[in-house]
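Across the two complexes that follow, chain A remains constant while its partner is chain B and subsequently chain C.
For the complex of A and B:
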């Protein structure tokens, strides 16, 4: 379909997502609501990555690190709340209006520090170094024995407390995730269309030219990197609340790969694409084993990644514009 | 003091492993312009094949000799089927496609060998230890690894600097089209080079077998550490890979051995252990950060190449 249909497509999608928990309950599968909450959360992470990957041309292979920082902030403060012990002389808390912004803020700070270092390099160095620093944070959380180390940390105190909103209700939590996704999507759309966003895309196309035009390229890239880190932090905050459990696995390097696959699968350099990509990736992850099970191929049921790996290679080699490219026709003037 | 010398040797030996993997990776990147995440998988395959064949025949030497062609074979297959299509692509595509390769290879290895780690004994001939410096007994096997690594480094330098093939490789890294136009079968040269990189990785994996547990994911651990060494040393430079690897190996080993004790001098022991463990696992990454601040392109940056 032509690109002008993208907006109606998104509106229909939103209506469907708003009706989804009721549909799932009517079908007697309330469990699906939780699955889709996870998709909404990862869609936020994928959009935030695409902001720097697709629009800024920065191939960050360590995006899960910021997801992990956001998630651990929630879980650690919840741990101290449950435990009654103090952290740096302050009590722990479960109060969402405090911990959620704090999680996002600390992710942004982590992105600021690591981004300032990583962005001194470019190209292949940048890929390796973002991966390496993410691995550093991974080992950092592994070494936190008090917070479960390798095994992770359960949030015994349950999800964060939000005034007037009962987050422990799965349907309510779903709508909170959906609201954040819509909000973040609209924010990114505004960013991409803004002067800042235009400069960022200019930097991707020709960094040297933008520098010659007088733009402080490094600062623009760093600002985008921090925004993306904050977005991933938001996703991490929601993810910790969703599963009520965090472990270093959240920021394992394969998670960074997964988020990147979501972006590519959906369509790099678009904001709709990462949502489609997150949905498709997580559905495949969830249902490929089931499908192989139904087809009575038990070997592939346990080892579905042996199919998924080559699929990924084929997508990279032959379907660069992803699902977005399949849905929406390429028009004149697109790059 | 004795402990210190022993730990330096341990660090040297870790550095040698890193160098064997890093050298292949950086050659492939420096010359072909491809970033291959699946390079760690070749390390893993070397270890698995060595462990299996040694288990069957009872001879570590045969196991080692079987691991090399196995790694080369897998390397050639990877190059012909996937990597070859990625030379002209951007780095993002290379990263993703080789990430797909990792998923595939890890799963295939799990299917073939299962999820339980394999263990490989140190060969009888290399068991025991010698006193290199009076009072410091050091395992013969670890010394062998250090010697083998040095031998490989020298061999690699000789091939690249002194032979005709090495000359073609160097020429190909400067201008691929020109070398091809002069009648050199550059595709074959690249496949051979890729196979050589695979053999180094497989060799390192096989040698590592008796020291670590052979399991899925072992390749990625060393791969990411290898990235750190390459960033420190400078991409595309074998000399940089050597210096970076030794530096990372020694810093990592000494950090893990002594940092918790040093922290105990001015912190309560319980906290010192916790912080020490965390800090020592982050140490090499901090080293990388420092190098990056001082020299963004690494210690020995290779000459800029046209891509």
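For the complex of A and C:
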């Protein structure tokens, strides 16, 4: 369909997502709501990566690090709240209006520090150094024995407490995730269409020329990196609440790879694509084994990735902008 | 030449290994002139431009712009002082339209770009400036085409428009007519000559007709050294120049 159908498509998609919990409950599969919440959360993370990867041309291979920071802020403060112990002389808390912004803020700070270092390199070095720093954070959280080390940390106090909103209700939590996804999506769309967004895309296309036009390129890249880190941090905050459990797995390098695959699978540099990519990736991950189980193909049920991998490769090879490119064609034959 | 030079290059040297690309070069460009820089391939013309624009750090020597030492100034600060370059090998933003290319350049002059919300596509001030500049290089009818789809000559003119919209005080033009047909070349010569009252230019060009049509002064560069500077007619008759450069052309 033509690209001008993207907006109606998004509106219909939103209507469907708003109705989804009720549909799921009506069909007696209320647990689907939780599955889709997870998709919404990863869509936020994938959009945030797309902002720097698709628009800024920064191939960050450590994006799960910021997801992890956001999630651990929630889990650690929840731990101290449950435990009654203090952290840096302050009590723990489950109060969402405090811990959620704090999780996002600390992710942004982590992105600021790591980005300031990583962005001094480019190309393959940038990929490697973002990966290296993410691994460093991974082992940092593994080493935190008090917070479960590599076993992870359960949030015994439950999800964060939000005034007037009962987050422990799965349907309510779903709508909170959906609201954040819509908000973050619209924010990123505004950003890529703004002066800042044009600079970011200029840097992707021709960084040298941008400097020659008088743009301090590094500052703009760093700003985008921090926004992306904050977005991933938001996803981490929600993810910790979703599972009520956080472990270093959340910032393993494979998780960074998963998020990157969601972006590429859905369509790089499109913002809409990463949502499709997150949905497709997580659905396949969840249901491919089930499908092979139903087809009584035990070998493929256990080794579903053997099918999953080639599927991803085929989509990446034959659809230039992933699923987005398959759905929407360009209006005028250019490009 | 009684005026204070706008650009003053003093004893500039840059070596790549044993190759002296710029060899104790001194050169000045006065306000208002079109100063052409000619010389055989490998004479170090582009290397000089790269040092003036800040992409290559000289080994020694100084670059003064409007009296200020800019030898170590950061690349992105120079255009804001009025020192703007164009590229020999077209350097544009291929995915953007012609208008967007120029608007992005204009945006650089319009304060910082940490503006995250207002849609830039509907920014009238930027679009109008960009459209005017595109028209001045004869690309008004190409405004909405993606830059990668433009012809080579059109891309060269887009490149020029992106430099012009920055309102340079000194424009460093690295072979603006490279690869153009004769008609397009003549057009660009016209564009540049209409600008001569408002912009000072340092022009690298191989097209001798263009050089002699435009330049107020010519400097001849050979092996990184300026072997002669003077009025075009004097340069044409200078025996050292004829031997080193023009003669070589004629023999070829």
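Everything that follows uses one rule, which is that the second predicted complex is superposed on the first by the 332 of 335 C-alpha atoms of A that agree within 3 Å, B and C clash if a C-alpha of one lies under 4 Å from a C-alpha of the other, contacts with A are read in each partner's own complex, and residues count from 1 in each chain.
One rule holds in what follows: a residue touches a chain if its C-beta (ideal position, glycine included) is under 8 Å from a C-beta of that chain, and two chains touch if they have at least 3 such contacts.
A quick note: this is a predicted structure, and the numbers were derived from the prediction, not measured.
Chemist: If we overlay the two complexes on their shared chain A, which of chain B and chain C does A:198 touch? Say first, second, both or neither.
Modeler: Only chain C; A:198 stays clear of chain B.
Chemist: By the touch definition at the top of the document, which applies to A:217: first (chain B), second (chain C), both, or neither?
Modeler: second
Chemist: Where does A:287 make contact in the superposed view: on chain B (first), on chain C (second), on both, or on neither?
Modeler: Neither partner.
Chemist: Which partner does A:131 contact after superposing on A: first (chain B), second (chain C), both, neither?
Modeler: first
Chemist: Scan A:140 for contacts with chain B and chain C and give back first, second, both or neither.
Modeler: Only chain B; A:140 stays clear of chain C.
Chemist: Who does A:260 touch here: chain B (first), chain C (second), both, or neither?
Modeler: A:260: touches chain B, not chain C.
Chemist: Just chain B (first), just chain C (second), both, or neither: which does A:9 touch?
Modeler: neither
Chemist: Which positions of chain A sit in both the chain B and the chain C interface?
Modeler: none
Chemist: Mind pulling up the chain C residues that touch chain A in the complex?
Modeler: Where chain C meets chain A, its residues are 53, 55, 74-80, 84-85, 87, 91-96, 100, 103-105, 107-109, 113-121, 123, 145-146, 148-149, 162, 166.
Chemist: Enumerate the contact residues on chain A facing chain C in the complex.
Modeler: Against chain C, the touching part of chain A is residues 190-191, 193-199, 201-202, 205-206, 208-209, 211-217, 220, 223, 334-335.
Chemist: Over in the complex, which chain A residues touch chain B? Could you list them?
Modeler: 53, 59, 61, 117, 120-121, 123-125, 127-129, 131-133, 135-136, 139-140, 142-146, 253, 257, 260-261, 264, 268, 299, 303, 305-306, 308-313, 316-317, 320
Chemist: Could you list, by residue number, the parts of chain B that touch chain A in their complex?
Modeler: Residues of chain B touching chain A: 29, 35, 82, 85, 91-93, 95-97, 99-108, 110-111, 220, 224, 227-228, 230-231, 235, 274, 277-278, 281-282, 285-286, 288-289, 292-293, 296-297.
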